[in-house]
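Common to both upcoming complexes is chain A, partnered first by chain B, then by chain C.
Let's look at the complex of A and B:
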């Protein structure tokens, strides 16, 4: 770029092409909605992934343009003023800086692979056009979330991805359970969004009282010193926005929707409920790092919520027997690590883990999808086994995913997770211990999953065994690419993410003792070894998984009865209250009062009606009496 | 021009009056054409509207009853402009939808609707209070008959309940209007019903409070604000589809329009004093309406209670007394008219086919009616307030404005237990709005298609798609491009907000004075 030589300092460059990153997927939406009925499957298979590839290429252009500029620069595309009311001005403006550049590359890159995969996965579904409409719309919303230059626009994407998540979880709507899972996802997320809105309002008016009317990230950052004098208000803003993050990024206490979200088609679980949407909370906090940094109180709460979620979800992952549920709890747990990263102020490490996790978790989910596809919609791992031989590409790539998430050196997960734990050690040894133990647990339940699903001999019925087949290339190719990324994603000389993000978050690396550095790796290997001893070594790895016996096992399998508790404490009382309000306040109190008043009036009216008999003679009579009375009165007075 | 728009529907009604009964089918066409013409004419208002002016424009004035200072005096500003447009926009859609669901006394149905339209437009454009009252009452009678004649099983009960509720309120308002004119007489020596002159009256606070109460009661019933809402579910359930659409789409707005046009600017001091009460009722309404909507077994009742919740948002925004809240409230009036109007039309579609509104009778409709389900989906999310659609803009601005009014005291955030409860209850509407809508949608559209009756359902016809297409287009348009609407109402809203500003400033300087005094006291103590 011609500015490159002049731009020794960070600068903002105005461009007009960023909008296409969002518009291209939207064009895909319109195509799938209106044109697809004419073109059929072939048109959809071409256009739906095609527009995402287009968006990826534009994102790549933006990335390289940004690379030419001085560190800390940004590209901004102001499309039009969206909402103006009084002092409030919200622009539809998009912004690419180092942080959002990483994000759009992940979203479009991984998103493209999953679109391609889906053309294979949904090949037999007659509603494929509707599926790709939603998937394209999701990608557009997610990109808007990431590119939005202000909090309000981020919120548009934020709710948009929630909508698509709802639609895709309930995609197979004839099953009421799936439809209900969609409801749950949207409603739980809305609770978080209410907190988000309050945080946004507080931020807006607090700055407004200082004469700064803005929701724009860059302007908030410029004026951050005006806020810095009010630490308690900052803490309130940070925590309210974090409530939104606990919804979207499935943290305690709002994580309950994510496991149920597995009701959606598996590519959806990979893209939305693992790689991209659920990371929105982490992205939002990283975006507002300058705000969060000002509130150590908020950060320490966030760190603990993250660590607790990482640990808690891992315990549930121990006992699950549904291949997608294991991955779902593992996702909740890994998101906990990212939140922990943010909480200890290691935003760069959090985003780094976000990226590596996007690679290996998308890989794992797509692998699970391939298994489910090959097993004809079977999801119970107890009925699988021995799949490594029958589905070699799926099996080996799945193994790579497991190794990556377990934190084995050389693969991506090791580098990003260890970075977070080292930073956590810098804040509190306790956080480090919880996170490190969690790392061992992760390795254990992931390899438990691997051994039971792929190892030894198959436990499927004879007829089923006959039908098991490797998936078509549209599904295996993305697996191979993602497996490659899961290996090299952590290599600094390939993806220098930390260095790339340094101008935004600043760079500082704590020096930690060697033992602290090695401990997570040791725990990872311990977990793998333990899983091998308990499952891999056995002739039938699934032995003893049939009936969970002890209370611990049972509790973990039932997710510690959190759903039941929420149902008893919140949902049921609320509906009972609603029913009571309607039947008592509306019907018994208000209506009865009004009707009683009406009745009293009615009695009066009835009394008056005796007068009005409708009988002409009576009227004539009263007329006569009246007239005589008037005459009499007149005569008397006169 | 304003008068032409106002009375064109009445002209159509007159034409219909002379239509012979054997040509009754033609009544549909005449009514539809009249309403379409009215809409086109009202677009003319939009075109000649000057958005840089906050006061009334396109004013027409002629003496009517000079002895009492009553004029025929009409005009529009940025607030009434859009409400007139909303009315003229919804009306053709109602006539179009009536092709399917009105089969008895077609001619009378059309006449009543056209008279109703004139009444509604008239009430929105009247600048003379007496004229406003006349139009206000003109609206009432056709609606009474529409419910009473074309309604469901309990139509008589519902119609009378509707009439009595509204009458009680409007009588009090009439007394207040007359007293206002009398005050003008004692102040200036001439009776006047001219709103512009009455704005300038200096009314003692005590009198303000009484008259404010009378006006607000009348409007609160119309909105309807909790606890004056119980006529609404009955009226909606019994009313024919078109009646429900107009009731929810336009007539409820008459209440909030009355607040922003009359009650608040005429009696700013009283409005300021009473704001906590009205905000409380609005917030209770948001929460209460949503909760009760959640457990309704009847589709129409559900939408009716959702109106209570949504209109609570509007009142909340109006009493925030800032630009964001008030503009949001006016915008939300339009949103509610469009999305709730669409929801009633949608319920009407299946009612017409199945003759039941019970949610439990449905299930799995998506399989059978995908176009219907998709349109319902968009409308539902417009009502829930999903960003990108119209509902969000209104809700966002209202809550933003209300946040300032509730949480901020004297320029900084000061959280008390009560303000926290207020704000949390208001924001709970955002969550509960999703709850009752999604639960309903899931039970109607998703799940297996089991009921044999539902397997016979047909998807939307071309005519029906034509009814919904403009509504959907507006939902998207207003969600993506709210500024053309907001900028046109800005100046007029500013006039209202500016009238409230002195009240707030008085309060603010009072508080500042107190703190200053306190510091002075503290200082003197210190020096001792």
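Let's look at the complex of A and C:
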């Protein structure tokens, strides 16, 4: 608790410029909606990334301002009083502290690179203005999510990013498959949101019972002692909010939407479904760390869900042959590591991994996008191969991404992942083992992907081979920058993330044996070596990938039939219930009566007939039964 | 013999609407075919006048006509909602009436008369006057429902609505009779005083409770709460779309206005008796509304079930009660009105004469043929779902936090889960518009200025009232507070210590009303 106390005494500085971090992307939205039809592509290409660059510069200013202040300080910008209900006052207030400073830099920084990349990627799409409208709106929502000073404002951003994600997944609406994916994302996330809302209301009510009506993070933290006496309620709040996180951050059991979300344009996958939005759940829990710390039960459930997701998604990653699907399951798996970090109380390590992952996963996705662009929308890695020679920048930067995610020392992924695993070891050896095995699996499937896609000779058709080309500079420059970040992002002397976050989360570094420290790295190298033996040495790495082999392989390929199970257990019963309810309670009369009445000439005849078909009587009867039921209820109660 | 004490100010908005309504009716008789459009503008001017007058009355808190009507902020707030609903309906109707060759004079006049009934309901502090308002409103709406005389569905709807409405009125009147039988008065203030003195334990007597239940049934019908909702989908589907919008927003608002006034004012002391009933009704209404909306293929029908579900959320606010619950209910009605009027206006825009285009399939591909229209429809659907920062979210936030604050945790939980289910059918509209290829090319009338004005106004309202909810909420709180401390009606009722001695028939004469 002492660090919480320290945060409370640290200074809070009022500023008025933070709002521009959110407003600038919103200006971009308005521009794309109303002005873009006049300016055309050129205007959009300038303004859409421009506003994000502007937001990045403001975020940098905030970062350096914050750096000047004492550790644990924050900058707050109260824009206006938003909701007042009785004693509850919710301000539209934005807050930058060490945690949100990291987040806004990631969102605007990586976001800007992806916007630039998109100007190249969408160069041939007619609908670029709509695309950038959504992309800017997404960025604004994501920034609101991380800047919001209270849970309600966070929720506004939370829903906003979900909406934009949904709109962008279904961006190419002409494809029913993609529309379905968008729909799925929306609905699965609504389930998560229900958990979030319930958790928020429960927190609101529990604090209210103590006489404190607030949703503001700083006020909740100040009054956290009052909650500490109710451990079971806290566990309930934490778990309900975690349900929200499993939706947004694609954890078991709500992860099913994310792989399908790959239907959207690839820059979207990079920005939303890898670098930023999917980390919202981790951010939310880190933001509420003072609450989660109070519930060891909730934390251990979270840790296990995270570890299980990390492992489980990695097994699916083994069998996928779609370049984006591999990356999608890899994202689910990496998010599992971050959740594991939160679950073992290593919030700083979780956020650290969030950052490095944002760099290398955005890089990998953008690389995949470059490949898809160069291969004319081909996504099947079995039809690729040999691309390192034809697309050297894409290939080499992709390799850097793979090395970073595999946990090779010297690159960013190594530091953040190892930190999480060391902290996990401090809690439970089993969590550590699952995570470490998962690390080896990650290295294996990532290098499988690399070898099959970039190594040896191309398997594309002769005609296609001619057309393969390196992408334009707008696409390769972001790749190079992200590759650089993927390398240096974990270096302590460049930006000591864990140390920077210490005033918020507190610092505690478990001492672990050397063998424990080295094991993940060893596993990583093993995975790479195995991938090389199985795929890298063959003349045709894709050999034998044509048809599923055994039951295990088939199961992994079909995602262990999770979608089918959900459909049978949840979707169909629900539809049947709704259908039944409609038919039983609301006797389907319209069809019957209209068909009947149509045969009867004359309105009066129809009217009379209505009486005789008994429908009005049915209604009146239901009415009467309702009234009787109320009397019955009254009788029971009184 | 007490001479009626006339307070023109209290009824002035209704008088304006009545006079304009009669003028519309008469003027149409000798007006040229092509001049009919002026009827719409005249009606709109009347509504604007009534709204403006209501606005100038703001701040007054007095009773009129021997305690039959109240002129308080509560009534005025509802006057504004009613004017909003009526005005928007007129805007939507301008071309709809023309295209569907509806009798313009009767149409607009009936619309205004219905609004008069609504205003009467909102202001009435006397059960008989409430009934009067209820019937004035209902009669007009029955006729409007069936105003497309050649349409079988419309006829069926009107007849059903009328028959069931009459049935419900029977329940309501019987309830009034029982309440009168016990308390010896139909004046809300006096009923309240009687109950708080004679049933200070909050238990009530069987007859009184029976009367109360019958009133719940009557109001439950008008607000379309389950299990008294069965009429709503048929009627909403059969009625002209403009009238459906009017019913969904105006009728519901007026019915809730007097529902809340009666129950929080007269039966406030019996809160413990009716909260469980309304709790059950709220839950049932939300569940039935949301689940049945899932399987609809007709947009009007879907919106009908959706409006049933929203009645459920409003009941949640009513159960929560207190200043916060009441204010949340009023805010929610505004929110609901804005987004629903907008959604219906779009249904009007997409429809054509002889080709209603009300099926989901008719909306396929609207997103890329009419991006502006589809975007606004998306905003309404998202708002109805409760996505922030739109008004639907803020409304639900107020309602559920009022329920939570009042300790109705489970009610809030059920409400939140229901709103999750609702996402499915609202988003289906968006999916259909943006992600499906249309089979036929629907040509909306969106370029018509009146209709476009209505849609844009609803959009702006849906966004702005959601982003800046503080002011409307403060107004709602202020208005609801005026209900909590009833005006000088109290001066005409016996004081608590005298009430025990006063016999039911001997109503104390009113003192000079304050102005």
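Observations, loosely collected:
Just so it is clear, the second predicted complex is superposed on the first by the 578 of 638 C-alpha atoms of A that agree within 3 Å, B and C clash if a C-alpha of one lies under 4 Å from a C-alpha of the other, contacts with A are read in each partner's own complex, and residues count from 1 in each chain.
By our rule, a contact is a pair of C-beta atoms (placed from the backbone, for glycine too) under 8 Å apart; a residue touches a chain by one contact, two chains touch by 3 or more.
Bear in mind that the values here come from a model prediction, so they are computed numbers and not experimental data.
Contacts of A:190 after superposition: both chain B and chain C are touched. Using the contact criterion defined above for the overlaid structures, shared-chain residue A:233 touches chain B, although it does not reach chain C.
In the superposition on chain A, A:205 contacts both chain B and chain C. In the superposed model, C is the one of chain B and chain C that contacts more residues of chain A.
In the superposition on chain A, A:84 makes contact with both chain B and chain C. Shared-chain residue A:213: touches chain C; no touch with chain B.
Of the two partner chains placed by superposition, chain B and chain C are both touched by A:163. Shared-chain residue A:155: touches chain B and chain C both. Residue overlap on chain A between the chain B contacts of one complex and the chain C contacts of the other covers 80-86, 88, 152, 155-156, 159-160, 163, 170, 173-174, 176, 179, 182-183, 186-187, 190-191, 193-194, 197-198, 201-202, 204-205, 575, 577-579, 581-582, 585-586, 590, 594, 598. Within the complex formed with chain A, the chain B residues making contact are 161, 164-165, 227, 230, 233, 288, 291-292, 294-296, 322-324, 327-328, 364, 366-367, 381, 386-388, 392-393, 396-397, 399-400, 403-404, 407-408, 411-413, 423, 427-428, 430-431, 434-435, 438-439, 442, 445-449, 480-483, 486-487, 490. Residue ranges on chain A touching chain C, taken from their complex, read 80-86, 88, 130, 152, 155-156, 159-160, 163, 167, 170, 173-174, 176, 178-179, 182-183, 186-187, 190-191, 193-194, 197-198, 201-202, 204-205, 208, 213, 575, 577-579, 581-582, 585-586, 589-590, 593-594, 597-598, 603, 606-607, 610, 615-616, 618-620, 622-623, 625-627, 629-631, 633-634, 637-638. The touching residues of chain C, counted against chain A in their complex, run 149, 152-153, 155-156, 159-160, 163-164, 167-168, 171, 203-204, 209-210, 213-214, 216-217, 220-221, 226-228, 230-231, 233-234, 237, 273, 276-277, 280-281, 288, 291-292, 294-295, 323-324, 327-328, 367-368, 371, 382, 387-389, 393-394, 397-398, 400-402, 404-405, 409, 412-413, 416-417, 420, 423-424, 427, 431, 434-437, 468-470, 473-474. Those residues of chain A lying in contact with chain B across their complex are 80-88, 152, 155-156, 159-160, 163, 166, 170, 173-176, 179-180, 182-183, 186-187, 190-191, 193-194, 197-198, 201-202, 204-206, 209, 233, 236, 574-575, 577-579, 581-582, 585-586, 590-591, 594, 598.
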